[in-house]
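Each structure below appears as structure tokens.
In what follows, chain A forms one complex with chain B and a second complex with chain C.
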Partner chain A sequence: MTVDLAQDLSEWPLAIRTRGLTKIYGRYRALNELSLQVPDGAVYLLVGPNGAGKSTTIRVLLDLIRPDAGTASVFGRSTERDSALIRANIGYVPEQLDWGHGWMKVGRLLAHHSRYFPTWDHQYANRLCHMFDLRMYQRMNTLSKGQRRRVHIAMALAHRPPLLLLDEPTDGLDPLMRDDVLGTFIAHVADSPTTVLISTHHVSEFEQLADYVGVMQGGALRAQLSMEELRRNLKRYRADVPEGWHGTSVFNGSAIRRTTTHRQIDWVVWGTESEVVGRLTMTGATVRDCSALTLNDATLALLGAREHVR
Partner chain B sequence: MLISIDQTDERPIYIQIMDEVRRGVVMGLILADEALPSVRQLALDLRVNPNTVMQAYRELEREGVVEVRRGQGTYVAQSRTTSKQRRDLVREVAERATRDAHRNGVHVHELIDELRGSPARDQRKRA
Partner chain C sequence: MTTLQLHPLPSMRAVVREQFRAVTLVTRKFLVLLGGLLVVADAVVIYSVLAANELARRGLPNQGVAITPGFAPFESFIVGIVAIMLAVLIWLDEDTSRRDYHWTMPVSRTTHALSKVFVGWVLMMVTTLAALVNLLMIGALSVRMQYPLDIATDTFPVWSYLVPFTTATVAYLFASAASVGARRPMVWIMGIPTVYAGIAAAFSFGSFAMKKDVLKPLTSEYGLASLAGDLVTRSYAGYQLQTHFMVGRWVGSVAIWGTIAAALLVYVASRRRRNVGTWAFALLNRWASRYVPAA
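Right after this comes the complex of A and B.
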């Protein structure tokens, strides 16, 4: 693919910025010169397959691990130099929930956690716990995965941090609770100005919330752009083509995914609609349909960019 | 009025919200000086980013469809050119129909004939 969809977003004020971030475990490159840019105040959805480096990125931002090369900054401050200050300004929901606080009761854990955050809002914390149906006297190690996830979400939100790092925040939740949590995030963002970075496999769940999307693969960004631009410029085209049609060459790499039979094509192409339709028409194709992709389909197309010929 | 959006629609969500409000105004579902839902409420109802709703309301304000009253909310403006808005709506529906026709290999004149139930169609059948 020759079109570069990992865009530079630095025209906006950035809440998160990494430059050439690289993390190596033995021979394995967890992060490979990652340049992530999250605009201030945006909801940024980080998607990609297992092992793409999403959680590693978040852990670097929290200074839980240090990169082998490159730099990361949050609100303009170095994650290594100012890690304590940065962490105080972050609400974090980890993917792995075994924090070693299993013996603590929910209420005790919340009280303990609150002392690290001067901005802790006790009323809000209580409201969240009530909404999430959490009982203060239960021990953490007796809770289900979904219940523990909710405790962590309450802990992340209750101090109203300017930045939320949510690593698979709805994993282990039932559909009803997922929807409640989604609503909680929306109300939270409406009430307090927050930048949100969400790493998730549940792409469709967060699609309507996202301002930006980053598609990670192999420790680097395959794409980084606004949802609006993605919807506008990445589309699926279905066209009838004459027998023995040779139109592939005019697309010069902007056709992200191609499925071709001898009479019809079903392509995902990057470009403005009128231009793509114009080029297809020029080659003798009759465009029947052009449609925007769901974020899930767009992600799959970007990750699996290849040609299918039947 | 009820504002609804369609995830599979290719229009960006903020445009869909704008179109819904315009449709509501044209059809008289919401009248001048009536309040739209708050940004927070609509974002929650539609399960979308509050920024998206804000963007839609701002654009609608620029177009003069609504007015934002500081600290009070967003209200439908006194309408000036409903006939133009009506025409825009008709054009939009027509465009959607032609696109669908093209997708199915139906010619525009066939579509028009069918819509009219026109004698032309019957004549063609007889011929």
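Right after this comes the complex of A and C.
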């Protein structure tokens, strides 16, 4: 038996659902039958290496690109049929900092943006601008990376959308501003009922915020599960094993990653602690340590699973 | 379906109004430059008329210093060039791969693109009107100033005053289609006439019939020349042409070229291919696949 970590979350009302989403560029498959499920009101962290298809997924949700196969829906509405309505309900922070309209001044761009969103909260927008120290009279294309990013975040949050799509939202921010921005996200989610899909490389930054995590690789979803389940079931075990030990089969496909030092073996294993420890003990191994993984380590383990599982 | 109360879409009126603000802002410098050029041209005309008057008063020979200003429909190609520049400028900052800011707004992509084009067109018409009024005013003014000179100015039929507007419209629509649909619009805008001129030049060495065929889009009865008021020009150059004949050709050419440009624009605004090159390649590929068996 192999553990299926791409779990079905459809027992919850879903804000985002994709079914068999495929996008092909020439010979390159950017998305490979992706079936993503983001529960309503959850903070979902989409992680994966460069080229995994995270940004492509977000662009499909915004109907900026159309998939070659499969469907995507946001709040139960097709991204192709109701694209404008869906975009009206999304706050989007793009990956690229040079997002167009660079000739506009910050204040003008915010005013321009606000007119497209009837629910724009002017007071909140002013508060965000003050908090992010935005200079209204500067042109967008003269701003630093961090300043541009802050403008994009203010634009995404100020209309209090029910869905936030954040593509590498902390890229370009200095550590101090990163903390401020993360604090703003946390406060925003607490204030407004919002579903958040965050695509990021900086996994550890969002660990406290995330309810669910999806791990993408090669355009496909390798894992999709709640953080609670990840913390409970994906653990590192360190055990001493007797010489000539051949007990790997005991994991029955649930070992994600293994490293060996002399006769001590480290495993990252999926399963309840008591069950894994029991199985190891049965084979003659002595479990020395069992610890939960940080999200960063869990992601690395899941991404490296193909290479490391024996 | 979700039970969540979804946020509403912006009204079309709000979108068009905002596009008007944005387009005015992005073209502001260009329009100011055009206004400046017009003022300089006016100053040159007035100066030349005053200089010619002065020469006449002193009884000195007028060595061609007087410029006869006024409206001439065949000069509307200048407005056409301005319209092309305006269309390119409006879309210069927009990413044609359609992933940029403009395309993430909560408006149907086709509607949003066309609303921007529409706003630009309104601006172009206002610019054309301003240029035309300026030309007529400066013409009238210089006629009054031409004492003791008496230079007769041409008068054209009333309908021919619409020629600059239609020329600008068709040129603007074609340039907008290139700007919305192509990654490098200037390559298409400059490339097509250049390639066409090259082909025409190559055929000029051939027989007269071949040459005539190649030049048809330009010089045939409903060609681009008719669109730009060519027949009115010819009538004033000594050709005996009846008004209904000239109007018919002009209206016909406007309808044909206007429809082609508008259809092309609607097509590129609603399609999702990355650029015209990809589209052309796909067509070529489809055509080739009929004749070349798959490997």
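Note that in this section the second predicted complex is superposed on the first by the 302 of 310 C-alpha atoms of A that agree within 3 Å, B and C clash if a C-alpha of one lies under 4 Å from a C-alpha of the other, contacts with A are read in each partner's own complex, and residues count from 1 in each chain.
Just so we're on the same page, a contact is a pair of C-beta atoms (placed from the backbone, for glycine too) under 8 Å apart; a residue touches a chain by one contact, two chains touch by 3 or more.
These numbers come from a predicted model, not from an experiment.
S.K.: Let me test your reading of the model: by the given contact rule, A:S83 touches which partner, first (chain B), second (chain C), both or neither?
M.R.: The second partner, chain C, only.
S.K.: Could you say whether A:W103 touches chain B, chain C, both of them, or neither, answering first, second, both or neither?
M.R.: second
S.K.: In the three-chain superposition, say which chain, chain B or chain C, touches more residues of chain A.
M.R.: C
S.K.: Quick one: classify A:R59 as touching chain B (first), chain C (second), both or neither.
M.R.: second
S.K.: Touch test for A:Y92: chain B only (first), chain C only (second), both, or neither?
M.R.: The second partner, chain C, only.
S.K.: Pick one for A:P162: touches chain B only (first), chain C only (second), both, or neither.
M.R.: A:P162 sits against chain C, while chain B stays out of touch.
S.K.: So, A:A15: does it touch chain B (first), chain C (second), both, or neither?
M.R.: second
S.K.: Taking the superposition on A as described, I'd like to know which of chain B and chain C A:H112 touches: first, second, both or neither.
M.R.: second
S.K.: Quick one: in the complex, what on chain A touches chain B?
M.R.: Against chain B, the touching part of chain A is residues 41-43, 179, 182-183, 186-187, 189-191, 204, 207-211, 227-228, 231-232, 235, 288-289, 291-292, 294.
S.K.: What does chain A use to touch chain C in their complex?
M.R.: Touching chain C: residues 13, 15, 40, 59, 62-66, 75-77, 83-85, 87-89, 92, 94, 99-104, 108, 112, 115-119, 159, 161-162 of chain A.
S.K.: Applying the document's contact rule, which stretches of chain C touch chain A when the two form their complex?
M.R.: Residues in contact with chain A: 1-4, 6-11, 14-15, 17-18, 21-22, 25-26, 93-95, 98-109, 272.
S.K.: Over in the complex, which chain B residues touch chain A? Could you list them?
M.R.: Interface residues on chain B, with respect to chain A: 7-10, 12-13, 39-40, 43-44, 46-52, 102-103, 105.
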